[in-house]
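Here the chain labels run A, B, C and D in written order, and each chain numbers its own residues starting at 1.
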Amino acid sequence: MSDFFTMSILVATVASGIRLATPYLLAGLGETVGQRSGVLNLGVDGVMQLSAFFAYWTVLETDNLILGSFVGVGVGLVMGVIYAVITVVLQAQQGISGIGIFLFGLGFSDLMFRRQVGTPKPANQLPDVPIPLLSDIPVIGEALFEHSWLTYLAFAMVPLLAFMLRKTTFGMNIRAVGENPQAADSLGVSVGWTRTYAILIGNAMAGLAGAALVLELGIFQPNLTAGLGFIAVALVYFGAWRPAGVMSGALLYGLVAAVVLQWKAQGIIPRSASDIAAMAPAVLTIIALVVLAGRVQAPSALTRPFSRH
Amino acid sequence: MKLTRHLLRLLALLFSFAMVAAACGADEVSVDVGIEDETPSGDSDDSEASGDTLTMAIVAPSASDDLAFTQSMIDAIDALDRDIDLQVTDGTFVVDDAAAAIRGYAEDGVEVIIAHGTQFGGPLSEIAPEFPDTTFIWGTSSDTQGLDNVFAYYPAADEGGYVNGVLAAAVTQTGNIGVIGPVEAGDAVAYINGFAKGAEDSGDVNVAITYTGSFSDVALMAEAAQAHLSNDVDVLTGSSQAVVGAVGVASENGVAWFGTQANQTSLDPELVVASQVYHWEVVLEEMLALRDGGTLGGEAFEVNLENGGLEIEFNDGFELPDGARDAADAAIDGIIDGSIDTGA
Amino acid sequence: MKRLLGASIPLLAALIAFLFGAVMLLAIGASPWEGLKALLDGAFGSADRLAATAIKATPLVLVGAGITIAFRTSVVNIGGEGQIVAGALLSTSVALAVPDLPAIILVPVVLVAGLIGGAIVGAIPGALKAYASVNEILSTIMLNIVMVQLMNYLLRGPLIDPLEVEAGTRIPQTERLSDNATLPNIVPGVRLHLGVLIAVLAAIAVYVLLWRTPTGFRLRAVGHSPDAAKAAGINVKRNITTALALSGSLGGLAGAILVFGSEGQRMVTDGSSAGFTGSAGFNGIVAALFGGLHPLWTIPSSFLFGALLTGATNLQRVLQVPAPIAIAINGIVVIFVVSSGRLREKIDRMLEARAEFDDTPSTPETPAVVEGAQS
Amino acid sequence: MSMLEMRGITKRFPGVIANQDVDFDVRAGEVHTLLGENGAGKSTLMKILFGLYQPDEGEVIWQGSPATITSPSQAIEAGIGMVHQHFMLVPTLTVAENVALGLSSGRAPFTDLDAVSERIREISDQHGLSVDPSVDVWRLSVGERQRVEIMKALYRQAELLVLDEPTAVLTPQEVDDLFEILRRMTDEGRGLIFISHKLHEVMALSDRITVLRNGRVSGHTTPGETSREELAAMMVGRAVKLTPDRPPVETGDSRLEVRSLSVQGDRGTRAVDDVSFDVKGGEILGIAGVSGNGQREIAETIAGLRTPLPGSSVLLDGTDVLPMKTKQRRDLGLAYVPEERMKDGAVGDFSVSENLILVNHDTAEFTSSGLFNFDAIRRHCSELVERFAVKTPTIDTPTSSLSGGNIQKVIIARELTGNPGVLIASQPTRGVDIGSAEYIHEQLIAQRDRGTATLLISEDLDEVLGLSDRIAVVFEGRIVAIVDADDATRENIGLLMAGVVEPTG
């Protein structure tokens, strides 16, 4: 079989890894913002499934991909409002309410799919948009700059969110309420509203991640995410609550999966070992963590509801 | 005051968002809120088996509209020329859940119950003797576990696979064919092995097979297809409901696709070459006829090309190269008369 | 009176959640009343159905009780799915290796094998957390993925039923397991097997362990304050590992019970963990939290969720309502009940204030206690 | 003319009256001390001032007119600032960011941190605060963090500043610096409310003193007309002995021998450098020193919570304990009262009885066939609670709901159970009410009389002088001198603590 180290194969593998990484990245970045404000959301996977379904349905009905993306974000925002009410207003335990959201999303998207669509029908897919000039760069141009605009957006969000967290007043407030909400509150920073906005950003991005997944594939099926949202949450820990770290995690996860698939296609990995090979991204993530661990601290107030008394 | 300010900001955000969304959507948005009409099961006062209406139920591991394994059976029941009241419990892979459903139908007095999953054999061996007047139909399996009110059925999926393989070899320009599967197991294996043999028997082609390791991860399935494409593959096939992701890749890249289990032409009317379709109704009809005659079970049936339970359904929208159709027909004949070994 | 009201709030929340479910049923054109009837009938309608509910609750009780051990030690265990699979795989392998042992020996042997399998997979993230500071949320999620793939590999390779290979059907399932390993029924004529009893006993054992033994004392001390525990001479790292190992072992036991109490009489995979566990690894967490992380309350709480799950199967069977509606309702129940906690607190406080108002005001001698509590 | 007047404040909580008819006022340019034991009602009064609680009766008058303050931000806007005992700082933000939090910015959505930094430097210079605005707060020492807290208030132009036990975590040097800063602030006409129960500091700093007891005002006074003993009596409600009696005892053999101990600190520097000392049975060796000079590391290394550098040795009754884990050392007769009560000393969520058996829960006394014998535990704990006069509703009460003094009594009771051979007591009475401190001192002396070798580590020089038979002074990780109690004075020990080494007689 053909050699893995030919240019065209490497380019295809990298491109594939980037595509696989995109939904992890979007969801992981959103979760990062939420967690920096002290709110853990284990419901990411459920939000993704809901928004994936509604984005798919929209595209199926209207053929409008932009509208589909917006619907995905909108569903995310609606779920964000709900989650903010649960965790900020009612101050419920975050871990379990997230699992509640997950279950609801899993069940409701499945239900809606069966009632409204039924048999999987192909919908429009996001076209690749080569970036002028950049995509003409030999080799890396094709691997890095011939993707859908949602993929570019996901990667553009990395510096954007890093900048937001690092440099803006809002970002400063997020970091403050995630570390020491009492301190922020004592200076008149509204812990509740700051967290609410962070949750909304997080859920909107989870919604976009769901839309990205479904629009890239052009198809929906129940449990489309297959646990992707949980891995995205895990990647936030992996990325040490930094956008760039989450990006490395998502890329590691996506690229390893892409390499494994490529090796399977070329017969480098024998069929008998295909399940074992499928463990690779998970195992590598754990190994990377053992190497990196212990150097970073979670936001101190993570998972802690805030109340003054 | 502070609250109102935040609420206003929030509303503004949501509103502007809605505006943008509306602008993008223009007036194309026709959201269908209505419920699709599905024949409600309990409409007619049917609980008393009125006249010749046959009550049937199916318990299946995946969704009934999966364009694959489960749907093939539902379609088959619809195709039966009988007045049937069908109840469906789908998406229950977990054996004990399925067992509860099977037992429930039996208790309700449903006359014929289809346990559409190999793994349901265990509970069936306990339940069937408890309801000796009920017919249980179980598959895919080649034996009835010695129960005389159980019929069994299984497909010779390798046969259709072989024919698809022959066609694929004719369609490919590059000589590279890619196959995608979730986990190397079940009907998929028979189909894929038959496919590979059929392709390789018909010419100098490479068949590369990838199992992703996950039934549900559609994105991974799509990328597996991409990986094949990067290796110059120009014909794809795959098994299981998760192929829907891979079909998307095929259509995006203009690559031919072969389907199995159900007619997948609807997924891409231009690039699906042919589908191996299960026509369970062929054997179901035989079973029901036996039941009418008082035999409640005890026999196993195979669907194959010969008895018409397997059929290669061609997509007229795809223009086959010269001779391909003939080669396929020859293969079908060869399989039926036993001159071709499909490798099963 | 006050307690009654306090306790009734989660129930009220669950009720409201069910109202949501009713609305959903209406929206898809089914009668909520019929739906409720089907649900209740499916869960409690006959001795066999009651037994099915109990059997459905069994892995939830075990996983839930295990979760309480972990959470009481301040360790999160989201690895229930993987631990169930591990227990199932090891116990299955053992049963395949020595199928001819008499039942009286083989049954305990496979159950212990399940415990060990789960314990190993639990101990790994435990040790990684204790000795390498690897976040256990991450490692348990990743191990779930790893265990599913291991299951797929074993069931379609080394452990596959030779008949499947021979027939070429290659369904990824083991051969039929020895009858000697099957969990015996405990009530004649009803499909209620030993596993249910074992789960209840295990939950009680967890209660005893946590609150009646030095081992549990150490685990809880580590959970509340690792620093204080360490200063008092308690080995924090070892206890964190122990907690996750114990937690995992109960998941593993659930896995063994799922295999040997199943009507399938063999282990089979659809390539996902949920296909084998029915998501018990997640639902067990929900049941445990619903039960206030108390192992004994986990029992009724699991039974409730078990009833919802079996009832939903019936709902689908009778009304042709797609089963996912049960998952959605499940989620809503969780959300409402968790959210009601704060409300309950507020009402409690209101009632307390009222009670204080009614009593003759008095200044206790040690206001110190109160000021500490208020701040 | 008072800038702040609180008149007839009453605040009730279910089952308790936290403030009853409290009058309190602050004038511009003065330090008004609010003195009282934990739970006397000081923090309730301050929470009312900051709008966290509303009084049931009484009124708050700010700058001459009645004020309804409903939130801390309102108080801040009015010109009232607070320096909390537990710093309200975000460690991961820079000083400038911490100061700028919650302020509106002219350059939204950004905060003009350059302008903020500039202003911080101005205020720094003006008040002698020396705060670097660009440093992350987690890098700062405790004293520096406190200056940031003060900076936050000054930046917001606070006229009245509340300082809640500001010296609890400061070194003597830092306390001196702080007082100087505070003096400057009063000179400018600001008012200060000083909350503390360190009596010599109160005497040194205050212009006026108001003492609270059980929610009521038990007296208004000034340093000129009172004494430490009198203040203590006002706080506690009875006469208090501030220095314990220390009868002479016969010392025995060395029970704790520390030789050439060197320990790496958390920041990678050498926190303890070649330290050697002995403690004999029946003796209290006090370690005096400014916080952060290696005391914590010495205690933790002996207790088995830290690994020393090679070449060190620690002998317990002649046995080398360095290879042993904490548990084995404790089994050999080591007891340890950690410096941070709520972090290392007790499990807050555990009941009093659970904390009392934290160390010896697995002994045969409390277990039978693997299960706890709750009768035995109950008997044991009730007895300890009684013997150590722990004020708790029941032995099943969560420990965290007890007052600091009572929590410390629980820890002391636990550690003294079983008559330890060696006791390490770190800051045994820091932040503890006077009555409890008095009691704990008596218990430490009594234990010494029973033959225990006690290593007392304290930053409270009065405590070290009052309890110790010998005093070792540490400076920058070394022992600069070991002085007999009879030769020790506040002055010579203070000089040694500052690193001024002069041979003493």
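Going forward, contacts are C-beta pairs under 8 Å (C-beta built on N, C-alpha and C of every residue); 3 or more make two chains touch, one makes a residue touch a chain.
Quick caveat, the model's predicted, so the values are computed rather than measured.
Steps from subunit A to subunit B, minimised over paths through touching chains, total 1. Among the other chains, the CA centroid farthest from that of subunit D is the one of B. Distance between subunit A and subunit D, defined via averaged C-alpha coordinates, is recorded as 46 Å.
Mean C-alpha positions place subunit A and subunit C at a centre distance of 28 Å. If each chain is reduced to the centroid of its CA atoms, subunit B and subunit D end up 72 Å from each other. The set of subunit C residues touching two or more other chains comprises 28, 149, 152, 156, 272, 322, 324, 374. Listed for subunit D are no residues, as none touches two or more other chains. Contacts with at least two other chains are made by residues 114-115, 222, 226, 275, 278, 309 of subunit A. The set of touching chain pairs reads A-B, A-C, A-D, B-C, C-D, using the touch definition from the header.
Of all residues in subunit A, those touching subunit D in their complex are 167-170, 172-173, 175-176, 179-180, 182-189, 300, 308-309. Touching subunit C in their complex are the following residues of subunit A: 46, 82, 85-86, 90-93, 95-97, 99-108, 110-111, 114-115, 222, 226-227, 230-231, 233-234, 237-238, 272-273, 275-276, 278-279, 281-283, 285-286, 289-290, 293-294, 298, 305, 309.
Interface of subunit D with subunit C (complex): residues 12-18, 20, 37-41, 43-44, 214-215, 303-305, 325-327, 329-330, 336, 338, 340, 343-350, 354, 358-359, 361-362, 366-367, 370-372, 391, 393, 397, 400-403, 406, 433. Residues 208, 212-214, 217-218, 220-221, 224-225, 227-235, 352-353, 355-356, 361-375 of subunit C are the ones that touch subunit D when the two sit in their complex. Against subunit A, in their complex, subunit B makes its touches with residues 2, 6, 10, 14, 17-18, 20-21, 24-25, 28-32, 35-36, 63, 65-67, 71, 91, 178, 183-184, 206, 208-214, 216-220, 222-224, 226-233, 241-242, 244-245, 247-248, 251-252, 266-268.
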